[in-house]
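Please go over the structures that come below.
Next, two complexes with chain A in common: one pairs it with chain B, the other with chain C.
Right after this comes the complex of A and B.
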């Protein structure tokens, strides 16, 4: 597979360490979170493989284009609109979590409105770039930050203060039946692949997706899921970790770099994840923007040569996310994130059936084209 | 086309420059000269039930250069109050600057505060506040926190409070100093099956420097239990935190001191029919550094045996004492939970009962490699 494909999959996994996912998972630590992780990995990989295979079969084609060819208007407009809103919310959820983190840890003096506005302004214009340019941006930021993130994770695993007894104790909760919320939030880690609905435009050549690639994905999936859930437990105990609102921030605060420029790792961690959050929001919102563009035909909305369609979209994105940032409380954020993950997972599983339908219709369409 | 592009560039510059200019005058951000940094937090208990806490903050006084004032200078703020957050917010009105806790690396609580459960409230405040580092050290001050906080040991420079060096294993690497991070204290306190242990900071008699070589173990519903210097060393050895320890062996007419620089220890906890058995395996390696008698290199294995026996005796005695009193700083309970399925687990009370009656088996394998430079 092209390396850009792995960026899409991995950024969603890595960036979700700071989103609501670990908090939700750890909240269900005594109600079957461990088995949910295993179920989540299996189902998540199913989604990843099916989506990759499907989009690989139609190189260079976006999902809206495929829908137009195979289904009717009354079906695909609502579906695309729904997906666009979903992806917009996915971006917002990361954005809000990160704004909350910034105001809590990094800049408590700056009003949250300003933090949110700074983040949105730096992202929103990126979303309107061409798909390939978005991918190049992702590559640069990712390649700079990823090694340091890996270093921090290794630092966590080798830390003397990581108590493996807590982790073992937590692992033994595997005998409990899985919980639906925990399953869906662990599946959400894998939904980076859904970005292919737009980003497939970039992969114009048929990619090689065989057993080797799947093994790599399995390895990445297990490693990230294990790290996301168990490292905070190892640092903060299997029971008390549930009290933490942001388990990973507390975890990075518990690591100490004796000879580094900054002894307190949490600030390095926050800055690294600022860029990861940036990438995650950029990807999600780029997909949302492209879908909205497609639905409302925004390119054609012009007024005296100025493209007001885009401006409307930018204003809508900014205002609605600012409104949500200011009005939401932490509890609501986690509660709504939980429901959002549930809906997203159910939706993207259901879309597998749609894929089967599209493949059959496309075969028919190709045959017809050949005959004529 | 070209003109259009130039227009675009001009427009871009025209828009960005005002943005950059506006950014510099950000009214919400505080400059460093408007902040004062807390170096340590001390919390004592008072006799007044209305205002049970006394907070002492040690603040850095900024100096322009090290050469001008090589001696350390600090200011102190202290106030009694009912809750910590309120008291600190009142303390902020005693200053012209904003208090910044982000650089505080040590929290000292008075010995008296451990006698009742007040330390749990303190811990809640310290963890809840995001700017207090979770990697700050937590220590017990004797006789109280205030004296420890306000004490300037001989030889302290303006660079850094010397007391930090005791804990961070950077300067002093003594095997008698327990360093407990704030997050470690919290997890040990709240988890079942492992009990918190804190270092005790004292001053020597003519008050020239600190002494940190004792520790205190806390447990639910029991008074804190003090470990003396030897037991603190044994705890550090067993928990594999000590780098090197010096251990005296007095047996069979020999009396020597060994320097052990490789320590590995492993615990195993088994429970059958509500009867717990604890097995501790230790592997030691080191050299002999002092002896009353002439030694012979040939007999190193005999000396190792003697070290085994001595260590085994000391360790089992220590563990027996801890389990008799019902304190578990090693995390035996956690070890037990870590390999028992949730539904088969004993309740915490049952485990404590089983721990008190547990069998202890200590296996020590030591390997003395040399008698030093002489035989």
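Right after this comes the complex of A and C.
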């Protein structure tokens, strides 16, 4: 598999550490979160494998192109629109979470409107780049940040304050029946693979996707999920951890670099996750922008050589996300995230049936092409 | 049309005839007419290869054969070409109504210079010369491949310098070559004097910050890049050459990297990349830490900085801009000044101003340290053009950091990376990681 594929999958997993996922999981820590995690890993891997195999069968083709070939207009326009909105919201949820984080921890004296605007403006123009350039950006930023991620993880696992008894105790809850919200939010970690709907355009050659690649994915999946859920418990204890709004920020604030220029790890963590959130939003919104472009044929809306379609989209993205940032509270954010995760997971499972249909139709189409 | 008419046409083009010489030689049955510009040709060669044989060889046929055998011999297709040959320093010879040209160009600028911009400790100290033919000789004699292609052409309406496009036919990136040729066609300039002009002439975007071509004076870099499938542009009279297409990492390598042992060259590369990070980010970090989030760094450090800023009347933003401004002035001044004075300027500017500024409490001591660290790390970037671009990026990041603090600095840096990635140099992505694994088949395409 190309390394860029792993970036797509991993960025979503890593970036969601700061989103609502760990908060939701930890809220259900006594109501079946552990078993939900296990179920989530299995179902998430199913999604990853099915999506990868499906898009691997049609190298270089995006999902809209496949839909056009196999289904009719009344079906694929609403579906694509729905997906575009979903991906736009996925980007917004990361954006809002990070705006809240910034105003709470790093720049409390800057108005939230300005913070949101800075974040949006720095990302929105990148979403209109070509797909390969988006992937190159992801690679470079990821490679620059990767040593810091490894450092933080090692620091967390070797910290004296990490109490393994808390983790063992939390594991005992494995017997409780899984909870739907916890399952869907842990599946959401794996939904980075859905970005292939547009990014498959980049993988023009058939990729090698066999057992070796799946084992790597399983390893990544288990490691990330375990770290996301159990490390905060190990630091804060299973009783109090549920009261934290941002469990991972509090966790990183529990670590100290005694001899370094920056003493509190939380600031390294915040700036690191600023780049991760940046990448996550960039990926999601790139997919959303491409889908919107496809639905409304934005390339053709030109006035005196200036592409109005793009400007409309940029204004729409900026204004609507600013409105949501200003109007939403943290509590609402978590409630809505929960429902968003549920809808996303159900939707992307349902799409597997659509894939089966598309594969059959494509076979028929290929046969027809061969006969004629 | 006879060659007599051609000769008189050429002579009539030079209205002021003091430099043009036209002579008719006759002896026994031999007869030739020569035409040349006195100041352009090598008179010794002329004497040795044309005059002497003319008087020594018994018949016209033998003289003709002799001329034909000379390596400088060339047929003349048209009268316009003949005019061009004369202006290039050739001697036109008319024999029995046929016109020939012999290249006896005298070039006083054909000495190879020593490197002045890209100096290294290891490796050759010799650079290109001002003469196109010498340069091509230098390149050809260190790149032995029959597939090395050299295309000559002229651009610039008025002065029409000879230029050469050099590439290895087997290795060159076709797409880039086509796009360079296409852009060369479109050039519309009156005067072209130096190769670096191509950087703007071949650039479609009017406002661009980063160089899309690499300027070099080192033959070893040219050979290295030819083997990498790149295209070299040379202009007669210019001791520098342009290389295209380039990627960001080309600007971060020196030729010396290949001459050191592996560990040393990796260490130097690491140093260089840390240098570029420091030079872009350090002023921004200072502003962000002092004015926005002093809690980020450890308390002792922030207390030291705050103590050092005691009595400084400005905010950190003004302080940084104030010091950077003088540093940039100093840099700019020391380039223009004669060498003898520039040392004084550096002393006055760097030492005296630095000390006086801190004593007058216009800037903190730490600020002076940061500014000098930034200045030094700018010099670490091996290619000058990139260093200039980076200086501008640094200013932009300082402004962003003074509005949004450390978070803004990080975002600005990410945007800077995104901007670089989005750039294209003749069809090649400007910044991306390449996979150098052996036998690596591209499993991705470009979308």
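Basically, the second predicted complex is superposed on the first by the 372 of 372 C-alpha atoms of A that agree within 3 Å, B and C clash if a C-alpha of one lies under 4 Å from a C-alpha of the other, contacts with A are read in each partner's own complex, and residues count from 1 in each chain.
Operating definition for what follows: contacts are C-beta pairs under 8 Å (C-beta built on N, C-alpha and C of every residue); 3 or more make two chains touch, one makes a residue touch a chain.
From a predicted model like this one, the values you see are computed outputs, not experimental measurements.
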Between chain B and chain C, more extensive residue contact with chain A: C
Touching partner for A:126 - first (chain B), second (chain C), both, neither: second
Partner chain(s) touched by A:137 [first = chain B, second = chain C, both, neither]: second
Partner chain in contact with A:202 - chain B first, chain C second, else both or neither: second
Partner chain(s) touched by A:278 [first = chain B, second = chain C, both, neither]: second
First (chain B), second (chain C), both or neither touched by A:110: both
Residues of chain A at both interfaces, chain B in one complex, chain C in the other: 107, 109-110, 114, 263-264
Residues of chain A touching chain C in the complex: 2, 4, 60, 102, 106-107, 109-110, 114-115, 118-119, 122, 126, 129-133, 136-137, 139-141, 143, 201-205, 207-208, 260-264, 267, 270-271, 274-275, 278
Chain C residues touching chain A - in the complex, by the definition given at the top: 292-293, 295-299, 301, 404-408, 410-412, 414-415, 417-418, 421-422, 429, 431-433, 441-447
Interfacial residue positions of chain A with respect to chain B in the complex: 30, 104-105, 107-111, 114, 160-161, 163, 165-166, 168-169, 172-173, 175-176, 235-240, 250, 253-256, 258, 263-264
Footprint of chain A on chain B - complex, ascending: 26, 28-30, 102, 130-131, 133-135, 168-170, 181, 183-184, 186-188, 190-192, 241, 331, 334-335, 337-343
